[in-house]
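This structure is in structure tokens; I'll ask about it shortly.
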Amino acid sequence: MRYLIVGSGIAAVGAVEGIRRFDRRGEITVLDGEKRGAYTRPLISYYLSDPIHYADLSFRPDSFFRLNQVEMIKARGIKIDRRARILNLDNGMQLAYDRLLLACGASPAQLELSDLNQRWVSNFYTLEDVERLNMNIREGQQAVVIGSGLIGVKAAEALLKRGLRVTLVEKAQHILPQVLSPTAAARLGVYLEKAGIKIIAGDELAAVYPQHRIQLSSGTVLQSDQLIMAVGIRPNTELAFSAGLKVGKGIVADSYLRTSDEYIFAAGDVIETPNLITSNREIMALLPHAHREGYLAGANMSGQTLFYRGGVAMNSVKLQGWSLFAAGIPKPGASIFYWQEDDKYLEIHHHQNCLQKFIAINLPEVAGPLLSIIETQLPIPEKMWQEYVECYPTIANLPALYWQKIWKGEKNDSIEC
Amino acid sequence: MVRLKEGEVRIPSGCAIAGILNQKGTCFSGDRIISCIASMRQRSNGLGGGFAAYGIYPQYEKQYALHLYYDHEKARSESETLLNRNFKICYAEPIPVRKNSRVGEAPLAWRYFADPREERLQEQGMDEEEFMVGMVMQINSGIAGAFIASSGHNMGAFKGMAYPEDIGDYFRLDEYRAYLWTAHGRFPTNTPGWWGGAHPFTLLDWSVVHNGEISSYGSNRRFLEMFGYRCSLQTDTEVIAYIFDFLMRREGLGLDDTVKIIAATFWEDMGDRKLAWLRHRYSSLLLNGPFSIIVATGNGMAAVNDRIKLRPLVAACKDDFLYISSEEAAIRKVEPVLDKLWSPSGGEPVIGLIDNKVGLLEPKLNGVFIRSA
Amino acid sequence: MALTMLAPVFKVEREESRCIKCGVCVQQCANEVHHLDNGWMWTNDEECVACQRCVSLCPAQALAIKEYPLSFRVNSHWTPATIREIYAQADSGGVLLAGMGNPRSYKSYFDHLLLNASQVTNPSIDPLREPMELNTSLGNKTGSSELSEKPLISLRLPIMFSAMSFGSVSLNVHKSLSRAAYAMGTLWNTGEGGLHPDLFSYKDNAVVQVASGRFGVHPAYLENSAVIEIKIGQGAKPGIGGHLPGAKVSEEVARTRMIPAWSDAISPAPHHDIYSIEDLAQLIETLKVATGYKKPIAVKVAAVHNISAIASGVVRAGADILAIDGFRGATGAAPMRIRDHVGIPIEIALAQVDSRLRDEGIRQQVSLVAAGGIRNSADVVKAIALGADAVYIATAALIALGCHLCQMCFTGKCNWGIATTRPDLSRRLNPEVGAKRAQNLLQAWEHEIKEIMGAMGINAIDSLRGNRLMLRGIGLGPEELKILGVKAAGEEG
Amino acid sequence: MKITAIPDYCLGCGLCRIYCAAAHDGFQGNVLRAFKHGSPLPRINLINWQGLTYFNVCRHCQDAPCINACISGAMQRDENGRVYVDNSRCVSCYTCILVCPFGHPQVSRERPGILKCDLCRESNREPACLKHCPNEAIIWDEESGPTGSAKNKVHGE
């Protein structure tokens, strides 16, 4: 069996692990389009904040691909001949495959603005972006970060650490709109402002002028030595689209990570991931999902039939010393329970007997169990959450039903992790 | 120095034993057994020697032949009063002896050929043998200075405090003819000044010569005492004689069962339900500690080692003769060329019977562990 | 209530420089001696019973328990203990309760008996090279052939676990002992608390007790046993019944005993169907009939002054096994005065009974089991040489399981998870561990007994039984020597 | 490879936590040194539930979500199947904490990185908790062989 994997990120690593779990002998070829070799994208903000300390951005040890007998080819795929099962590469090579995995990832989304093409305007997505920034930034400069998703806030933090004055601009009414609730965002906002990050919410970039000036929709004009664009991502679906595969917002893959071509699979940021809670398909560019999708796709390419139910949005980020954990999506009509003490904060959204979303700030111990409760949609009566936030929300105080599931599961080994 | 008598103190000892049997019942002189036991002189220390001879009194075959030792005349008159009350004495005489300078101070030795008085048996409601056992116990423990050396039919024990060959000479055993001889040379670790302590130990037709020390003496003795045996001599050998009497006469067990009681099969090898039962029931009669013994009775002899063979024992055959001895050299001394010679394993008896002679030594054997000719 | 005059008996000493305030002592003490308030550790010494649980578990070795330094003026008649007892009775107006066995300093005859060994004239035996048999059979051995054999129980070694009822001890104790008994080829004893269904699988190693309260006695109980034991009395409290406080009668205990939960379980002093020896004979016969004459029937009596006559009667009443419990036998709860002042030592009783039964010629009809204060393998050997067929151990077994002899069994707050039915406490005895420890104890004693026998030149325990020549008395008077049937050290023979 | 505790015999005494804490961070099992001169953290949680105490510790899952979710490759599995964290690579994103359904990894108080059970791999000895459990309630879980990932069962298959 010849496996061909387009992309060398987390999904590809997962795919190699998935394939090798079931097939020790098949030939695996990975196309690595990165100039610098495979690395893990979330680490770039750490690289920016401390380039020496975080020089190693690899996800697996260097020997990983070698030990798994993977052939690495530095090239990008440009065209798929589905009938002949051949992939044409940008270096002119043609590779035949039995199973093809599209794990081409995503690229930063772009605003429809002119004049973005300036030296002081950069994306914050690849190692190249960050290396360029690293050379350009100077202590004391004014930086404006457009977009306060995870990429935006981590970029803001890194720049702050490097001694820049940072302004964070968010289109929505509060920062981290996908992750936090207004209440939680407000708490975090106050904290970040205190730490030195200026936050402008409910406003967006309207125009970019030369001489390091930008204007926001509200009319505010800001001085900006560095403008960082972090307004989201866009799956790299071109290859799939040109091959005639079904593509929505991302590549459409079924529950076995198979595209509309039975020999072609897709995984990672490039696909539409089913949301476990809503069953909607959406772009969920999250590292744990990418690995899982890659792993299952790899396993299925090797002949297994492992079912992928999808995932929920989840985030964990440490920001200026605060740890934020959040998962799930808010649902209208949900009951919301709050708990806070000092800098600790917990918010629980409960709807129809199930946990829908939680936000935990500086309360790490409960994050894992709460995510697991959301993912498994474990029915827990609302009353229990009420009691939970009324007493001190520790891991030990979690609703008994959760522990029951854990301990009972342990006995018959149905839940290992 | 106060010389302690046997019975007043328990004396451990090492020993030599020997036995010669003619399986056709042909009688032969005591010369051979004396020569045999004399060759194992190093195994004795001059503090005890003795012989049992079967077939020596054909003229009084039906009577009990009582050998008595007296320390003094008073003991004799007391004993004879008692004997006369209980027995019809056919004949009585001092046992003839030959002066031997190596035999020290000797007790008076008498022999009586006697039948128990019928009226006494009826009075006591006992059979003859039970009555005899009672008499032996009574005299041995009741009359000071008197001791019954043997009390069987057509047999006698000759024993004393000297090397066995000197005892043999003293009692003029070269002049007796028997079909079965056993002998004993003793190495006690004390100086008991009394002839009764020497081997063989006898009861009725049983005689026992024994090399060894029975560590289970206390248990064995207390068990036997429950059945009326009085172990007045405090010696292991006495207990062995009583055990044979108890198991084979009173309990009616065969020789194989008896051997399997005194030298029991280890539990881990116990396959047989009957053997297990014997062990359960008679566990207190297990003879524990090192021993080799020769038990003789009117129709043969049996020799057995303790179950882990802590003492020497060899057996040999030549024509009609069965030889048993502590050492091979002693057998070779009297019979240089043998048909067969072997060293029995621990707990494995050697049994020699006289053809066509009925007696207590009734093996009831399955032939597996009998290894005589 | 007015001031109590009872001062604490023990003092908990905490070395502050070692204490790490981990709270293990707080969590472990069922008597609530230790407290941790906002980083401050303090103790309530009054409640301390010196069970040593906290000392054993303290990871910093910061704790020590000492006698409370309370000095009364020296008075050898009115000792501090005597005074305290009076205070306690003046406080409560009640009978003083006590647990475990008689702690007073009566003479221990085991300690005045010495064992024999072989030298030169017969060889000692090396138990590592030669077989060494401790196999023991219990029951009536007077059957006339193997076909008429009476039911006998074979043990791998002559040590059994004595009666301790479920309720007085935790189920985990029973689980530990039953597993150890199974592993070692010996018996354990249910006591009078019934047999928990979980333990039916250990029936071939179980002695089930029929006691005056008849708790838990039903056909399956009698069937699931190796031996049935009628308990007349126990060494710690001859002539006294039992009382398991309602607080210890958990649902499980109640089900096993067939009584209502949380109600007191009272065992009457006598069996109300045994008012004389012939009644005992009837009960023995009844139990034999009920179990098809397939099981030996044991009778357990406490060692009292006329024990030999009682023993003779019990044997003639048909008992196959007679267990005699000496005055050092232990209990979960007994009136202190009874525990400390009633009965006679097992060594004396055993010697007396063995001799008496032999004199009467009925020793073969019965196996004698000695109980009450057997502390080590030398005690076992001495008991067997005095005439026992086997011994029962209970206190030693509990100590193996962790008991520290605090003697407060009756409170139900045993910190070692032994004498309690509280689930949080009984959990502290993992039967896996308990079984292993109890088994280790038996194994160790087995090895030691073999060594001792080997030294004596004996390779079967049968030859030690009643072999009093293997014993010599030391520091005993002529009367005591006579009763024990042993010679004095230095006496020959 | 994992350890577990039998709830029926867990006393809840917490000695496992104490010895765990002392076994790591260079204290080499010396409880006094650890607690008197440091503020060691255990990698074990004891959860009281329905009168029983449960021993909540890393399962060293076959298909460990923490390894798969780790953004920096700090979470790794060694040749014996033990999941451990290489804190020199950890960037404290705490994704492992988020994805562990048992809430096992903890934030390290002293320095960046996380704390998790590594079965005492550094000392190369028997896990300290297992060794010191006074009731032998903590045992190696022999049965949990490579049975695949429950995440598969939960999310896939």
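In this document, chain identifiers A, B, C and D correspond to the written order of the chains, with residue numbering beginning at 1 in each.
The definition used in the following text is that a contact is a pair of C-beta atoms (placed from the backbone, for glycine too) under 8 Å apart; a residue touches a chain by one contact, two chains touch by 3 or more.
Worth saying up front: this structure is predicted, and the values here are computed from it rather than measured.
Undergrad: Check A-D against C-D and say which one is joined by more contacting C-beta pairs.
TA: A-D
Undergrad: For subunit A versus subunit B, what separation do you get between their C-alpha means, in angstrom?
TA: Computed value for the inter-centroid distance: 103 Å.
Undergrad: Where the centres are mean C-alpha positions, what is the separation of subunit A from subunit C, in Å?
TA: Using C-alpha averages as centres, the distance is 68 Å.
Undergrad: Please work out the Cα centroid separation of subunit A and subunit D, and write it as a whole number of Å.
TA: Each chain reduced to its C-alpha mean, subunit A and subunit D end up 27 Å apart.
Undergrad: Taking the mean of the CA coordinates per chain, how far is subunit C from subunit D in Å?
TA: Subunit C and subunit D have C-alpha centres separated by 43 Å.
Undergrad: What pairs of chains are touching here?
TA: Going through each pair of chains, those in contact are A-D, B-C, C-D.
Undergrad: Considering only the defined contacts, which subunit B positions touch subunit C in the complex?
TA: Residues 9-10, 12-14, 189, 212-213, 215-220, 222-223, 225-227, 234, 264, 266-268, 273-274, 276-281, 283-284, 286-290, 307-308, 310.
Undergrad: Please output the residues of subunit D touching subunit A within their complex, sorted ascending.
TA: Per the stated touch rule, the residues are 4, 7, 45-50, 54, 56, 59, 61-65, 68-73, 89, 91-95, 97-107, 143-144, 147-157.
Undergrad: Which of the residues in subunit A end up touching subunit D in this complex?
TA: Its residues touching subunit D are 14, 40, 42-43, 46, 54, 56-61, 276, 287-288, 291-292, 295-296, 306-311, 314-318, 323, 325, 327, 364-369, 371-372, 375-376, 395-396, 400, 403-404, 406-407, 409-410, 413-417.
Undergrad: Mind pulling up the subunit C residues that touch subunit D in the complex?
TA: Interface residues on the subunit C side: 17-18, 20, 22-24, 27-28, 56-57, 59-60, 423-424, 427-430, 432-433.
Undergrad: Please give the residue numbers of subunit D that touch subunit C in the complex, ascending.
TA: Touch list, subunit D to subunit C: 6, 8-15, 18-19, 22, 31-32, 35-36, 51, 132, 134-137.
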